């Protein structure tokens, strides 16, 4: 087993195990922190796929942004000042059905897909390619996404500002 | 450099671990030195002498003694805390800080990972420190700690924006995210350094320095700890070596932003005298001295300025730094296009 | 600038002799004794009257007089503009110590009255927050009474060390 | 849009908190970082000063207890008590004693204000001014030490005089100090007072309007910071303060509103300058020779009387209400402590500010818990 395989299995295991913790932890703060390891594992898997830019973006967006937001949300909405932030199990039957359907679809896709093993080669960095594509071929979607985020941000500011002026 | 190591070591994995551990050789002694220096700098600014006894000359081994003391201390975990997260947070914090050193080019011959997205990577991976602080604050089960943790996250998340935009100005000017390439571009005399190549990069540096102060929670932005208000912020309940880990993280973070600043603006490992005193070993020297200089400036500021209030802190970021940073980014780009 | 006798003349005219009384034989400075159930009116008048203009309550102290079996509250008031000061007293019996609160006249009386309640045990009627201030809330007795005996145990701890 | 539901949070500041200047506990009700209510709880340092005094066999014996009220301005406490008892006894103290007392009291005022502005800087987050203040306070403590051997609790000013005479080089030492000190005040101003961040943190924070200040009977720098021109040294002169020329410093709202934290702070800084002026005059006028004890009987037995005597300590009006029943031990000694009264203003001026402002407000009131709890 070469180093690549060791790293792959290590990070794969980390991702899956922490994903299990996310789902099964009784304490939602624990879930949130376990999610961080899932994101890490995924980022590492991206690295192993020579997708360094995506990996770093994964870290920046999910760990630095979304996860902090989630933890903030968890801390601000529930009773913050006790460690017992417990979650119960709800809607067992619909959830099982839903998960089963998704799992079935995934397994189906695995079997149907024609997997090609690309011969090992020296991979070039992806940054320049992504950059060029973003500002040439996909300039419109990128701009639209930017405008969308701007609108969302202004909306958030408006909500916060209204809250303040009332008090 | 990994290849060189592989020749001497029985297994390639060992070589990789060795390679990854090399920045420790700089970070650990640096932290010991920096804590001592902080004491001395503060002492001399305050008409005192600081540590004078331990080890003889100007108390040089004071921090070593303190470290030994801290390791021996009883490991106190509050009974109502979340034990696992409480114990894990300091290590996660240091992991986050240390992981960022992977892409710092310490000399022309040594860089942990020759990553093409180096600058981007540093910004991404330091966000782990935010998480660990949130973790520590929440797990302590102490209201002051949680307030401190909340403040920290709000502060770091906000100040990430001007930091990123200031770094982006350099990226726009150099056209690469690879820190090694950026360093190599500044080889030659002092005038090849990026800070002198473009007047707007000078502004970018000032922005970078201010917002990085906030990123590493130093005065005047040390609200997360703010001893006089929040007792100790997120680290109130910590003691012994776990507290020491946070201390280590803080100083490692300081070194990190200082090194990044010198890579992006001050010629990285390049000697200011052109070819004189340059080379791989001198490179480490120049890199560390530039970093130490900025750390000294940080200490200087810390012992001079009072602390901002939390709303003023946000004002500084959102009303001043971010607009200036964005306008500056456009100006940097314009300058690069025109000249 | 008015001396206590002049102030007393004004007060006597306003409230009558049964409400206020002048002690002229006192050493150093004479004082005025007011009835406990009218102290609020008296102090309000002292504060609002243009000629008196007492805007500053310097001190409010509780005293135990074991000889007469009575408790007293002493008010030292001062006028920063008219530059005169006055000592005012309320005497209440030990077994029914109730005095009107003057918290609404001078806010500073709030803590002073709590302290007097804590130390001497005078109840102030109309006080918004009549709690002990220096001793713990569940302390027994009022320490500045002359016949005060320290309690043996406080929450299982021996008190007289 | 549905209403965002927020909860108020109660948090205990103290009794072990670095910025409550002792064992004060403030119960804060917070809405986020905004303070909805601040309720001070005191009494953690209650040492039964008044009860102790009543059980003393002699009026002189109360003085060490008086020292321990405001333990950073012990001289001023002693002076107030001595004056109160002397007025009851109707005795005059020698000229030289009066000068020494004034010099001591004013040096003590400088020392106390140095501590106040130093720790205030510390509260705001500036560490360096604190140690600079301590460096200069040290010089005053040295003078005290040379006079009475103690550095903090002096037991120096006695009823009818002083415990013993000052050393022969006392005048030179005081002169040295008043030459050394004024340039240092400029240093503090450069480092802290006019620092932009410091001004931002203190101006318009914890505004105490003059009417409210008077209604709460605030005194000292807290009252003067609100722009009320009231200083007992001038308005109700005791000792020999009517002989000296000095200005009463009041807050003018230079950086924000009248009565904000910055005003209370600057009053202390400028008062130090005035104290230096008083000391200068007192050293020049002070007679070199003379007795340091009045003709006081060995056992003091005042007539059956009562007195309320007040003096201006660094923190404000310190009043002693002493009742004598004609015996050797005091019948009742009440200390009207300035901090006790000044602190009661806290809830009124801290509503609507932020946590960091609470620290700034408590610091600007400059409390000493030893005096609040007695």
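Order of writing sets the labels: A, B, C and D. Residues in every chain begin at 1.
By our rule, contacts are C-beta pairs under 8 Å (C-beta built on N, C-alpha and C of every residue); 3 or more make two chains touch, one makes a residue touch a chain.
On a predicted model such as this, the values are computed, not experimentally measured, just so you know.
Peer 1: In the touch network of chains, how many steps separate chain A from chain B on the shortest route?
Peer 2: The fewest touching-chain steps linking chain A to chain B number 1.
Peer 1: Computing the C-alpha centre of each chain, which chain sits at the greatest distance from chain A?
Peer 2: Result for max centroid distance from chain A is chain C.
Peer 1: Could you please state the distance in Å, as a whole number, between where the Cα atoms of chain C are centred and where those of chain D are centred?
Peer 2: Spacing between the chain centres: roughly 25 Å.
Peer 1: Report the inter-centroid distance (CA atoms only) between chain A and chain C in whole Å.
Peer 2: Distance between chain centres, rounded to whole Å: 69 Å.
Peer 1: Using mean CA coordinates as chain centres, what's the gap between chain B and chain D in Å?
Peer 2: 44
Peer 1: How many angstrom lie between the centres of chain A and chain D, each centre taken as the mean Cα position?
Peer 2: Distance between chain centres, rounded to whole Å: 60 Å.
Peer 1: Counting only residues that touch at least 2 other chains, which ones in chain D make the list?
Peer 2: Residues 9.
Peer 1: Touching at least two other chains at once: which residues of chain A meet that condition?
Peer 2: In chain A, residues 81 touch at least two other chains, as defined above.
Peer 1: Quick one: which bits of chain D touch chain B in the complex? Just the residue numbers, please.
Peer 2: Chain D reaches chain B through residues 9, 11-12, 17-19, 33, 121-128, 131-132, 135, 191-192, 195, 197-198, 200-201, 354-357, 359.
Peer 1: Hey, which residues of chain A end up touching chain B in the complex?
Peer 2: Per the touch definition, chain A meets chain B at residues 3, 6, 27, 29-30, 33, 36, 52-53, 56-57, 59-60, 63-65, 67-68, 71-72, 75, 80-83, 125, 127.
Peer 1: In their complex, what parts of chain B are in touch with chain A?
Peer 2: Where chain B meets chain A, its residues are 12-13, 16, 80-82, 84-85, 115-117, 120-121, 123-125, 127-128, 130-131, 134-135, 138-139, 141, 143, 146, 150, 153, 157, 160, 177.
Peer 1: Inside the complex, what are the residues of chain C that reach chain D?
Peer 2: 26-29, 55-59, 61, 63, 74, 76, 80, 83, 87, 106-108, 110-112, 115, 119, 132-136, 143-144, 148
Peer 1: Within their complex, state which residues of chain B touch chain D.
Peer 2: Per the touch definition, chain B meets chain D at residues 42, 45-48, 143-144, 147, 219-220, 222-223, 226-231, 303-312.
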